[in-house]
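Pasting the structures here.
Both complexes below contain chain A, partnered by chain B and then by chain C.
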Partner chain A sequence: MGDVIATNQSILVIGGGISGITAAIEAAECGKQVILIEKEPAIGGRISQLYKYFPKMCHPTCGLEINLRRIKANKNIRVMTLTEVTDVAGKAGDYTVTVKVAPRYVNDNCTACGECNKAVTGEFDDAFHLGMKKRKGAYLPYAMAYPQRYVIDPAIIGSDDASKAKAACKFNAVDLEMKAQSVTLKAGAIIWATGWKPYDAEKIQPYGYKRYPNVVTNMELERMMDPFGPTGGKILRPSDGQEARNIAFIQCAGSRDKNHLKHCSRICCMASLKQTTYLREKYGDEGKATVYYIDIRAIDRIDDFYQKVQADPNVSFVKSKVANITQNKENSNVILNGVNTEGYQRYSNEHDLVVLATGMEPSIPANAFPMKITINENGFIEQDEANGAIFAAGCSADALDVNRAVQSATASALRAIQVVNRVAGMEG
Partner chain B sequence: MANTNTVMIEKYRNNFLKEVEANVEEGEWVKMCMQCGVCSGSCPLGPHWDHPPQELFMMIRAGKREAVLSSSSMWMCTSCYNCVVRCPRGLPITHIMHGLASYANKLGLAPKNQPTKKFSKIFWDNITKTGRANELKMGLSLYFMDGMGSGVKNAMANQKLGMAMMKTKRMNPMEITGGHGIKDTGGLQAILKKAREIEDAKLKKQ
Partner chain C sequence: MAADKKIGAYICKGCGLGERLDTKQLASVAQKDAKANVVREHDFLCSEDGIKLIQNDIDKEGVNHVAICACSRRAKTDAFTFENVAVSRGNLREGVIWVRPDTDEAQETTQEMADDYVRMAVSEVKFLTLPGGNPEAKTERSLLVVGGGISGMTAAVEAAKAGYQVHIVEKTAALGGNGAKLHKRVPDHAPFAAPADTGVEALIKAIQGNKKITVHLNSTLTKTDGAPGKFAVDITTESGKTDTKVFGAIIQASGFTPYDANKLPELGYGKSKNVVTQLELEQLARDAKGGAIKRPGDGKEVKSVAFVQCAGQRSEQEGHLPYCSGHCCTTAIKQAMYFKDSNPAIDTNVIYSDLRTPGNGGEDFYRSGQDKGVTFTKGKVSAVEDSGGDLRVKFKDLILNEDTEELADLVVLATGMVANSGVDIENMVKLDGKDAAADAAATQVQKDKSVLNLTYRQGPDLPHLKHGFNDSHFICFPYETRRTGIYTTGPVRRPMDIAQAIEDATGAALKAIQAIENAGLGRAAHPRSGDLSFPSFRREGCTQCKRCTVECPFGAIDEDEQRYPVFNESRCRRCGTCMGACPVRVISFENYSMDSVGQQLKNVDMPDEFSEKPRILVLACENDAYPALDMAGMTRLEYSPFARIIPVRCLGSVNLAWITDALNSGYDGIMLMGCQKGENYQCHFVKGSEMAHYRMSKVDDTLKSLSLEPERVETHEIAITDIHRVPELINKMAETIGRIGMSPFKF
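Take a look at the complex of A and B:
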C-alpha cells in the first residue's frame, strides 16, 4: 500500500463488509483515493460468517479472497480497522470526519505466526462464531482475516496473559502501550456501508429462543456448517449434541411484523431454501426439512432455485406462521404449534431442531448516526439530496442479498466518484 | 330485521367484503389479512371454533355470506386479545369478531342457541335496567338459561360460591327486589334509546 493522503478528492468508505469492500475497490480501481474504515479488527463482515452463498452455492471465502487480492494490489486503498466514526462535519466535496481508532496492541511487525495465541490461556466468547465457541485473548479474528494480524483482547490488558503474549512474540509485534486515538480525515464523498445485524430472536418471545436449547437462528446454522466452526461442520442439537436430521425452518421470524421489523428482510426465504440443501449435503435422503412460511419470496431469477428445492421429496412446505414453540420435556425436541392456512388444520409438529429465519435490521439504530441523514421508517438510509455526498451502500440502504448489495455498492461508488471529480475540476 | 337482511343482500349482491367493510365495526381491516394464521394458532379457544379468524376473513373475501354470518365462531371470542397482540399487521381481530357477531345479530342470522349469544343478551338486559349489574339476578338468569331442571342443578352446584360472595358482600340477596342502580336511570334509558335510533337509521339508510 502506498501512502494515501486524505483530501477533498478522496472517498471515505465506512464499513468493511461486502458492500464497503466493493465500493472501495470500484472507486479505487477508477483511480480514486479511498479510505476504508472498519470497526472490527478485520474486514469481511457478515459474509465471512456464511458457509455458502445462494444461488450458486459457492463458498463466500472464494469471492472474499478475490476481493482481498484486489485490495492488496491497489495502492489507492488504505484500510483502517478497529476504527469507528464519531463525527461528520462539512458538506458535499468538503467533509471532515473524526474517527476513533481502538488499540490493537499488535503492530505491523506481526507475521501471524500465532505464538502469542499459544502463550495465553484465558478464553472469551468468540463473536465471529456468535458466541458458540471460545477464543483466546490473543487471536486472529478468522482464518482469512485481512489484515492477517493478531489482535489482543482489551480484556487481558494488565493481566498475566498480556505479558505472556508479549514475551512469546519473536518479532516485537505486541505493543501493550498502544492507546486509543482520535484521527481527523478529509473526504469529498462518503459511502456509508455499515450493513445489517440479525434481528434479536429473543424478542420473539413465543418462539422460545434462549429458553429452549434446540431453537437456533439461521446465522447460527451457518456457523455450524463451517468445518472449523463450533461443531466442526456438523448440525448438532445444542441440548444433547446429537445430529439434527429433522429440522424445521420458521420464515419471517421478526420480519413483516408490526411488532418487530415491519419490512420484508428479503434474504431469509432464499437463506432457508439454501439451508435445506445443507441437509441434503449432510444426510442425503436421511434428512428432513420443513419450511413454515407466509409466502416464499424467491424473487425473479432465483425462483428456479425455489423450484429445485420444492422438487426435493425430503423438503416440505407448510403455509403457516407458527404461533408458538413448546418443548418435549423428555427429549428436548421442539414442538411447533399453529394452523395450516391450506385447509386450516391445527398442527403440533415435533422436530429435532428449529431454525429461525431471522431478518435484517440496520446495524446502526436510527438515532445513533453521527450526522444528519434521512432514514426511512425501517431504519434504512433513504436516497435524499439533503444527505449531500453521503451515499448508502448495501444493507445500509435496504435489506439486500449479496448480489444486490454489490450492485448497490457499485452505484454508490459511481455517485461518490462524480462528487470527487467535480471537486477535482474546481481545485484543478 | 329479516327485511334488513334482504335489503343488504340486494345492495351488496356479490360483494360481501364491501358489505362487511361498510357495516361491521373495524370491517375495513379484513382485507389487510395476509393469511399467516398466527391469530388462529395463538387463540386459546382455537380448537373449539368452526372457523378460526383467518378462515373467517378468507370466507368474507370469498363471499361466503351465509356461512360467515350464521357461524358460531365469532361468538366464541373471549376478548383475550392474544390475536391482536400477535397479528403482524395489527388487525383489531377481537373487535372484528364482536363486530361480525353484532352484525349477524342485527340481521337475525346469528345461531339461535349459541350460549355466548344468550349470555350477552342476559347481561345487556340486566345492566341496562338500572345502569348497574345486578349480580344476583344475573346469576339466576344464567343458571336457569336452559330451563328449570338444569337451573336448580346449577344453583345447587354453585351454592358455596354464592354464600361466599354474600359473606364478602360481593352479592346482596336483597337485590332480588330490584337492586342498586345509577342516579338517573331514566337518563340512561334515553341515551340507549337515542343510540338505538341512530343505529337503526344507519341500517335503514342502506
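Take a look at the complex of A and C:
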C-alpha cells in the first residue's frame, strides 16, 4: 500500500466492500492512483460476514486474502479507514472531496499484538457479529481485518479501560488524544461503492422479528455458521440455545413488496438455497429445511445449484408468501401460517427456527447525497450523464451478487479511468 | 550464492518475542549457523527506529538481502518493504510464540522452533534474487475484440474512450450481432415501464465515427500466436485474404447461438409456422412497424399469444439445456408489451415455472406488464398442437393443480442461449495418424469451429467450463480466464441480457487494458499481480519430457522445434506448477526456486532418532493454508512444536524432489496443505492443487523404496477458514509419528 497523493488524476473509491476493493485494485493495477475510503475501521464489508459463497460453497475470506495481498503489494493504493465523505464539490475531472476521519485512538505503531485487548474489561455489542456477540473496548474488527490494527471504541474514552489500554501498549500505539479530522482530497473521478444494508426485518410486522426469539435473518444465520462467531459455528435457537434442525426460510422478506422494497434483491433465493446446505453440513440427514417462496430466482448458469437442492429429500419448497408467524408458547417454536398457492392448501407449519431472507437496501443517502445525482425510486444510482464522473459500483447501482458486483466494479473502474486519462491528455 | 550478496538478519524482541525467546541465541543461530553477514536485535523492529536500523544497514553496510525474524509475512508488510532488497520473513510470532504455551516445559521446544525459523529465513533469503523484470517485456497498446455484437461493440467503444486503439473482427457482414435483430430491448432506466430502443444503431454509429476503432467484417481469426503485449493475429476475410496484426490483449465476445428449436417438436416448433422463438418474434415485431403483429402461418393478425418459458431449458432431458438463460422472463414481458401496447385487447399469457426478474428495475418491469394486462400463469407446458392454424397449448396449471389447455394464435418459445465458445480443448478429436485425408478434414473442422485458433500447445481456444461457457469459475474474480491477456465477455461467458452484457464488456475492456499495461512492464496478472519474476530453465539439464508444458494451468508454455519449453513470460501467472512438475529440477524463478524452499527444509536442525523430537515438514499454500495457520496463532490455538511450516505459492509448485530430500534428511512426517481441487476448485491457479494431489499419489513408491510408512506423508485440502482444523491435523501427525516411531534417516 502506498502513500498516494490525491490529484485530479487520481480516483477516489468510496466504500471498502468487495465492490470498492475491486474497483480500487483493478484501477491501481492499470497504473492509476487510487484512494480507497471506508467508514468502518477495516475494509472487507458485508462479504467478510458471510460464511460461504454460493454456488461454489467457498469462503469469502479466501478471495479477500488475495485482494488484501494485491493491496499490500500495490503502491498505487492508499486506504483510509474510519473515513466518511462529508462534501463533494467540483465537476468531472476536478472534484474536491471533504472527508471526516474519525479517531481510531491507535496509531501506526500498532503491531496487533493484542495486549490492549487483554487489559480492558468492558464489553460492547460487536457490530461485526450483528450484535449477537460482545467484544471488548479495544479490539481487532475481525481476524482478517486490514489494516491489521486494533481500534479503541470511542465509548471507553475517558474511562479506566482507556488508561489500561494505553498502559498495556508497549509500543506507544494507543493515542487517546486523537481527534476527528477533516481532510480535503482531490480526485478526477469518484467511484461510489457504499454497498447495501439488510432490510430492517422489524418493519415486516407480521413476521415477528424481535418479538419472537426464533425469528432470525439470513445474515444472522451466516454469523452463526462462523466457528468463531456468536454460537461457535452452531445453528442455535435464540430462545433456548438448542440446535435448530427444522428450519423455515421465508423468501422476499421485505423484497418484491410495495410496502417495503419494491425491487427483487436477487441474492436471497440463492442465499437461502445455500443456507439449506448448511443444514446438511451440520446434521446430514437429520436436518430439515422448508423454503417458502414466490419464485425461485436461481438465475442463469447457476440454476443447477437449485436443481441440486431440489434433489435433496430433506429440503422442501412451498410456493407461498407467508401470511404471518405466531409462536408456540410451550416451546417457542415458530408457526408459519399461509396458503400454499400450488393447490391452494392452508397450512400452519411449526418449525424450530425461521430465517427471513431479508432484502438488500442500497446504502445511499437518497436525500442527503453530497452532490446532484440520479437516484431512482428503488434507491439505486442510475447511470446518467448528469452524474458527471461519479460512477456507481456494485450494490450502489443494482441488487447484485458478488460475481456481478465485481463485474460492475471493474466496469466502473474503467469509466473512472476514461476520465482521468482525459485529464492527463492520454486519450489523444 | 553470488559473492555480492550481503545478508542482514533482524530479530525482533517486540510482541512478547523478547520475553518468550532467547533472542541472543536466535542472533547467534543467524550468525553462526545460517551465516548472515549482519545480525541485529531490536525491541520493536517495525517501529520507525527499527526500520531506520535496517535501512541504515542497507545504505551504509551494503546489506541487500534481509531476513526479518519477527511476525508473519502477512503482517506489517508496509513497514518491511525495502526498495531493491530481497526480503524473507521468519514467522516467530504467529508461527511460534502464539501457538505454544508459555510454560517452562514448553520453553526448550519453543526455542528450537524459533531457532529453526531463523535458519530457514536466512537460508531462504540467500537464494532469493530481486526479480529484475523481463528485459524483453514490451507491449502493443492496441486491443482486439472478437465479435461485433453488443458486448464486442461496447468493449471497443469503452476501451477507445480510455485512449486505446481497437480492432473488431466480426465474421458476418455487419456489426450488431443478435442485438441488431431485436425490435426493442428491456429498459435499463427508471421507470422500467416500457420496451426501449436497443441502442445498437447508436453503438454502430459511435464505432463508425471513431478513429480509434477499426472494423474487419466478414473476417475470422485463423491464427493467434504470441502472448499478452504481443499477440500476432491472422485476420482472414471470407475471400481468403489474410492480414497479420499485433495486439496487446484480446477480448473474446463471440456471443451465442440460439438453441435449435427444432429439437422441441413436442412444443410444435417445425410443425406449425405459428410457433416461433423469442428471437423470431422480434423479426415479426420489426416487420409490423408499430402496427399489428401478424403471424407467419397465414398472415393473420395475432389476437392471442402464449409465451412458453424455459422451452428446452432448465431441463435434464437429453438434448435440452440444463441451465437458465437469464433474460427470457423479462424478454417475454417485453414481447407481451409489443402486443399490449399496440392493442390492449390482445390476450398475452406467459406460462412460466419461476418468473425471474431480479434486481433494480426487473420487478418494476414485471409490475408494468401486469398493469398492462399481461397474464402470468405458473404452469408447465407439455405440448403445443396445431389446431387448424391455431394452437392448442396443453399445460399443467401449477396453481390450480390441474391439467388444462388454451388456444392461441401464436406461441412464442423461450429457447436458450448456446455459447459460441469454440473448440472444447479438453475433448478434442484425436487424429488417428493413419488416414491423412480424414485427419486433414478433422483439423479443418476444428479450425473452422475455433474462435481464436490459438497456436498454444494446449489447444486453440479457451477451456470450457460448465455447459460450454467460457466463464472463469471464480466468484471473486469473474474475468480471470485461463489464458492470460484474453478475456471473455457477454453470453459466451454465461447467459446474460443486454444490460449485463454492457456492464460485463466494460469490465472486460478494463481487464484487457490492464493486461496491456502489465505486459509492458513485465508484471504478472492476478493473482500474483505485479510479480516481476518469470520462470527460467537450465536448458542443458532439460530432458524435453514436456511435463511443464502439459501441466501449466494457463497454457503458458509451448515447445520449440526441439521440444524444449518456451515459457511465454507474459502468459505466465507465476504459480510455479512447472517448477513442481519438473523431474530434473531445472525450472526456477528468481524469487522462488527449488533452492529457496529446498534450502529451508535442509537447514532445519534435525535431532537424532532417540531425541523424541520429530520434525514435521508442512508445505502450506500461501493463500489459504498459511493464513489459516496464522489465524490459528492469532487465536492462540496450540500445535506441535515439531512442525516446520514453509509457505508455497501453490501446492502445484511442490516438487517431489523436496519430499524425497525431506525424507532422506530425516523428517518424520510431511504434510502438504493446498486448496480444494476438483469441480468446485478453490485453487487460485486452477489446477495446482489437483496436480499436487496427483503427484503425491505416486509418493508411495518413494516411501516403499526407503522402507518408510505411508502415513508419513499426507496431502490435505485446506480452506482459509480451517483455523481449528489445521492445528488438529498437525497434532494428529505428531501423534501418528508417536505411534509409528521416528524416521531412521537422521544423519
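Quick note on the criterion: the second predicted complex is superposed on the first by the 422 of 428 C-alpha atoms of A that agree within 3 Å, B and C clash if a C-alpha of one lies under 4 Å from a C-alpha of the other, contacts with A are read in each partner's own complex, and residues count from 1 in each chain.
Everything that follows uses one rule, which is that contacts are C-beta pairs under 8 Å (C-beta built on N, C-alpha and C of every residue); 3 or more make two chains touch, one makes a residue touch a chain.
Note that this is a predicted model, so its numbers are computed, not measured.
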Chain A residues in contact: does chain B have more, or chain C? C
Who does A:Phe228 touch here: chain B (first), chain C (second), both, or neither? second
On the A-aligned overlay, A:Ala323 touches which partner chain: chain B = first, chain C = second, or both, or neither? first
Between chain B (first) and chain C (second), which, if any, makes contact with A:Pro206: first, second, both or neither? first
Would you check which partner chain A:Gln407 touches, where first means chain B only, second means chain C only, and both and neither mean what they say? second
Looking at the overlay, does A:Arg256 come into contact with chain B only (first), chain C only (second), both, or neither? both
One more residue to check, A:Thr341. First (chain B), second (chain C), both or neither? both
Return the residues of chain A at which the contacts from chain B and from chain C coincide. 256, 295, 319, 341, 344
Chain A partner, complex, touching residues on chain B are 34-38, 40-42, 46-47, 51-52, 54-55, 85-90
Listed in rising order, chain A residues that touch chain C in their complex are 1, 18, 25-27, 29-31, 51, 53, 56-67, 69-70, 72-74, 109, 111-114, 143-144, 148, 170-171, 227-228, 256, 262-266, 295-301, 303-304, 307, 319, 341-344, 376-378, 380, 382-383, 397-400, 402-404, 406-411, 413-415, 417-418, 421, 426-428
Quick one: which bits of chain C touch chain A in the complex? Just the residue numbers, please. 14-16, 44, 46-47, 71, 75-78, 93, 158-159, 161-163, 188-191, 314, 316, 322-326, 354-364, 367, 378, 398-401, 466-467, 469, 471, 473-479, 494-496, 500, 503-504, 506-511, 513-514, 517-518, 526-527, 529-530, 623-624, 627, 631, 634-635, 675-676, 680, 682, 684, 719-721, 723-724
Flag every residue of chain A that touches chain B in the complex, lowest number first. 206, 252, 256-260, 294-295, 319-324, 337-341, 344, 346
